[in-house]
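What follows is a set of structures to go through.
In the two assemblies presented below, chain A is common to both, partnered first by chain B and then by chain C.
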Partner chain A sequence: MVGALNTYVTPSGFWNPILWLIAFLISLLLAYIIWSRGEKSYKKETEQVKPFFAGNVIESKERAHVRAHNIYWGFVEALRPYYMALKRIHTGDVNDYVAWFIGVTSFMLIIYFLWGVKP
Partner chain B sequence: MTEFIHHIPALIIVIPLLWGFATPLIGRLSKKGMYAWVVTALAITEALTIAQIYLVLTQGTQVYVMGGATYNTTIPPDSGGIPVRIILTVDAFSAFMAFTAATVTLAGGIYSITSEEGTSGESMYYTLLLLMLSGMLGMVMTGDLFNFFVFLEINSLASAGLIAYRVGKGISVEAAFKYAIISSVGALIYLFGVGILYGEYDALNLAMVASRMQFTGLDKVVMALFTVALAMKAGSVPLHYWVPDAYGKAPGAISAILVTASQASLYALFRVCFSLFGLGSNTLTTGWFLISLGLLSMFVGVTMALIQTDIKRLMAYHAISQTGYMLLGVGVGLATLGTAAFSQYGLQAMEGGIFHIINHAMYKGLLFLTAGAVIYRLGTSDLNKMGGLAHNMKYTTVFFMIGALSIAGIPPFNGFASKLMIYESTYLFNPILSIIAIVVSVLTLASFVKVFHSAFMGPKLYDVKEVPKAMLVGMAILTSLIILFGLFPNIAIQYLVGPAAKALANQAAYISSVMGGA
Partner chain C sequence: MMYVLLALYIIAAPFIVGALGILYGMVLKGIDRKLTARMQGRVGPPLRQPFYDVLKLLEKECIIPENAVKWLFNAAPLIALAASITTLLYLPIGPFPPLFSGNGDLIVILYLLEVPCLAILAGGFAAGSPYSTVGSQREMVLMISCEFPLAAAIIALAWKYSSIYPGLKAFSLTTFVNNPIWNNVGVLGFIGVGILLIVMLALSTSGLGRLPFDIAEAGTEISGGMLVEYTGRNLGILYINDAVRVVVFATLINAMFFPYKLSPLIANYVALPLAASLTIDFLFYLFKVFLIAFVTVTLMRVAFPRYRVDDVVKFYWGIAGLATLAALILIVMDTFFGW
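Take a look at the complex of A and B:
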């Protein structure tokens, strides 16, 4: 339901992006005020800007960049059985794609024959 | 002028079709002339789809009889009461889908001017692009079951050609081959269903068949053939396997447009569930079929996306995941159709699902264009080889951020508005569905944080320039709509989404728009 002042009324509340944006900007302003009153000893072009990697010496900034395949490694490891199963069915073989289609169609034929039409 | 207005539905399909066939001729004369020619066609089509929305909102469903004595005589006096000609039936849902397809194709067409510049067979690229658009528009505007098959084939053939366009040492061709096989199987199964209905009811017009539907055993077979074939073409799990191959290997602009092509099949899936079978079928069963596909698509899509290291394949899996939201929203609407719950939350779930169609087309289209921009500059789609692009490609980075925040459902972008509608309404239907949808959104954000970090953050690894202006303009068009629909969702809901949802839910109005008092 659409209400006044760009407000969309939902079953449990409302959504007004303009109000949200105003609140967000106020929050940003508050964050900036807090930040501006903080530590002022940061200096560019000094040791401070070098990447810190658990105390190990980093040869170059380029090598410090975490690559895509390392991101969420722990998450993927924790879900290894799930991902093994998923990868197994993603064969890349078009015959399998069609087999899935036949399988789902057969399943839905049974479902529709049993419950497809109102009794 | 009044006479011209009546022909808008036909012109929307015919302009890109004819313009497309003439493109190679123009291309032989002048390359710049060809670009102007193609962009003009896309802009005119876009303008006509906007005009069509206005017409539908002010005058109601538009019908257009191809080759008829008059444009709106759906049942000729000598036809025995059967609408024998091809009839375009454009209600608010069709008009909404046509606008979505035309907008993304316009952005993709402008983007392609530089992204595909210098490639061999450029004029063929634009011919196929226009044919693809024509096919999509026909699919969402036709009221004829067989004619839908024809437009589906036009769209599929053009899409397959465009997926293979870059060749990519044969990999793109393989992806196109798989797409062609899947499209052909889906289309032929659909055609088989049309044949059964024609044999039963002596008609091909959707409204006519719907009005005569007896729900025999054969009709149940057709229900299975139609819904599964169209779900496969829409790229929903577990029929999604072709999507990462096709989206992943097509040129960036084509991947964006393929999103709307899949949505045209999703439109057809919704159309047959609501307008063809409607309340005569067990809407709880068909509704839960859509919901189940939606849940599987959301979860499998996003979890597969998380482990991808190819930027286009990652985004392709997200396209599958986002399709799940649309299936979920509209599925809840279908499951509650004809009950008191429909007016309480079912209609809003449908609105959320339908709003998500246009939102997804915009932000996923944008994301594919940004991925194309990255590949354009780096020559690789491997995220492991990327990094630090924000240093040099500032506009592309901003566009990517907007698209990523939008797909993750972060306010105030458009993805949030439609997801909020889906969360709240599905929560009232079944809280578990809503919780899964929110978890999937969190995983989507995590996945795009990965892309953002891998490709754009970190030290400068490559000394590349920002992409050319035409590509930026293409991305800017979709970005502006994301922001517009995000900040003013009421505009989209009031003029596009709400009427579309109500039109889809009203089978009687759809039938009477063609059959009248017959």
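Take a look at the complex of A and C:
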């Protein structure tokens, strides 16, 4: 029945963003109805609004801030050999980067001339 | 007249599926807690405990931390639950086809599965608390780690369908349900699909944020992580969302790997009216969802301790990624050589 709405169709798949949006908004209404049945109040201007910090005092927002680069810790730790190899390549010497550029370009050109698309 | 019916259908569908997802999800939560307790030598709470928990949370104060971005902090649980319910509309519920059948394929479902996670991690960042920030960062790591094996597993199966049924939509769940994958593979393909099933079960556990992949919440380590500042009705909605997501993941795995019905088997011996066969197939679906939830949630959290963040990355990019690629090669060999 819902096929009456326009659906984007590709050779292997399909989707209807308008239908999704309508369904999402109705689901949001359902969630809101449940949420609105709950208690609204809390004690403002008391200790309970302080962020949880395991009982320690937060001296300032800035000092308690968690830096974004922490996100990458898991990746760096798990893929350490890969990152170490990358670090070795990144010497900071522009001659090395130009050599890499020439080398990779030459390699790609050889592949292109050997197996590239013929006119 | 047709458009009125269409409008009523679209409005009613989320309420019907949402009610089913919430109620059955909460029942599964109760069963999970009971079975976990029994396996740990405890009595455990009653099966209706999750319902009491939600009612209790709705009666508690809903505290907004002073550093929080209030609108985002409050909106995140609602968006998460709404997205989870919406995902159910694209999945076949037992003998019934998806309510939005033909309007969203597996790629859409793949992305919809990510929306609740994104909402909750945005809520964690919006809480303005160091613990919730760390939790949200970990959730991002988990999501990025899972992307590759999840996409590769779905593409491997879709490729198989596209090669044997070129006329059908390879990414449509209807194709999966009408042509069970196990019936369309040889020995090598069978092994490959088996590997993909194991990977998908592991991905479900991490998608649900459960042990051993609950690094984003990690109660004993970062005190609940993303959820540490959530209380009252906000936490209640997140609790319900968690229950619905169990049904979503289990229903997806059921549709992809176990779309079988019981009524054709019984019909060999007894003539079944339509209502009876639909009821039997629906109950069979509920049973299969329970079994999948038991493996992905209950058994996993009892059997394994929590992984470290870097171990999760190693597992998904290393073991699960390689296993998925091996499965893809086996399925390709099965298709080309018919082994």
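Assume the second predicted complex is superposed on the first by the 84 of 119 C-alpha atoms of A that agree within 3 Å, B and C clash if a C-alpha of one lies under 4 Å from a C-alpha of the other, contacts with A are read in each partner's own complex, and residues count from 1 in each chain.
To be clear about the criterion, a contact is a pair of C-beta atoms (placed from the backbone, for glycine too) under 8 Å apart; a residue touches a chain by one contact, two chains touch by 3 or more.
Note that the structure is a prediction, hence the values are computed from the model and not measured.
By the touch criterion defined above, A:75 lies against chain B and chain C together after alignment on the C-alpha atoms of chain A. Once the two complexes are overlaid on the shared chain, A:90 sits against chain B while remaining clear of chain C.
Of the two partner chains placed by the overlay, only chain B lies in contact with A:116; chain C stays clear of it.
In the superposed model, A:108 lies in contact with chain B only, and not with chain C.
Once the two complexes are overlaid on the shared chain, A:99 sits clear of chain B and of chain C alike. When the two complexes are overlaid on their common chain A, residue A:48 makes contact with chain C while staying clear of chain B. Shared contact residues on chain A (touching chain B in one structure, chain C in the other): 2, 7, 12-13, 15, 20, 24, 61, 64-66, 68, 71, 75, 79. For chain B in complex with chain A, the touching residues are 177-178, 181-182, 185-186, 189, 215, 217, 219-221, 223-225, 227-229, 231-232, 238-239, 241-242, 245, 279-282, 284-286, 289, 300, 303-304, 306-307, 309, 344-345, 348, 383-384, 386-388, 411-412, 416-417, 420-421, 424-425, 427-428, 446, 450-451, 453-454, 458-459, 461, 486-490, 493-494, 498.
Contact residues on chain C toward chain A in their complex (touch as defined above): 2-3, 5-6, 9-11, 13-15, 18, 57-67, 77-79, 81-83, 85-86, 89, 99-108, 112, 127-134, 137-138, 140-141, 144-145, 158, 162, 169-172, 223, 228-229, 231-234, 236-237, 240, 309-314, 317-318.
Across the complex, chain A meets chain C through its residues 1-5, 7, 12-16, 19-20, 22-28, 30-32, 34-35, 37-43, 48-54, 61, 64-66, 68, 70-71, 73-75, 77-79.
Residues 2, 6-8, 10-13, 15, 17-18, 20-21, 24, 60-62, 64-69, 71-72, 75-76, 79, 82-83, 86, 89-92, 94, 96-98, 100-101, 104-105, 108-109, 111-113, 115-118 of chain A touch chain B in their complex.
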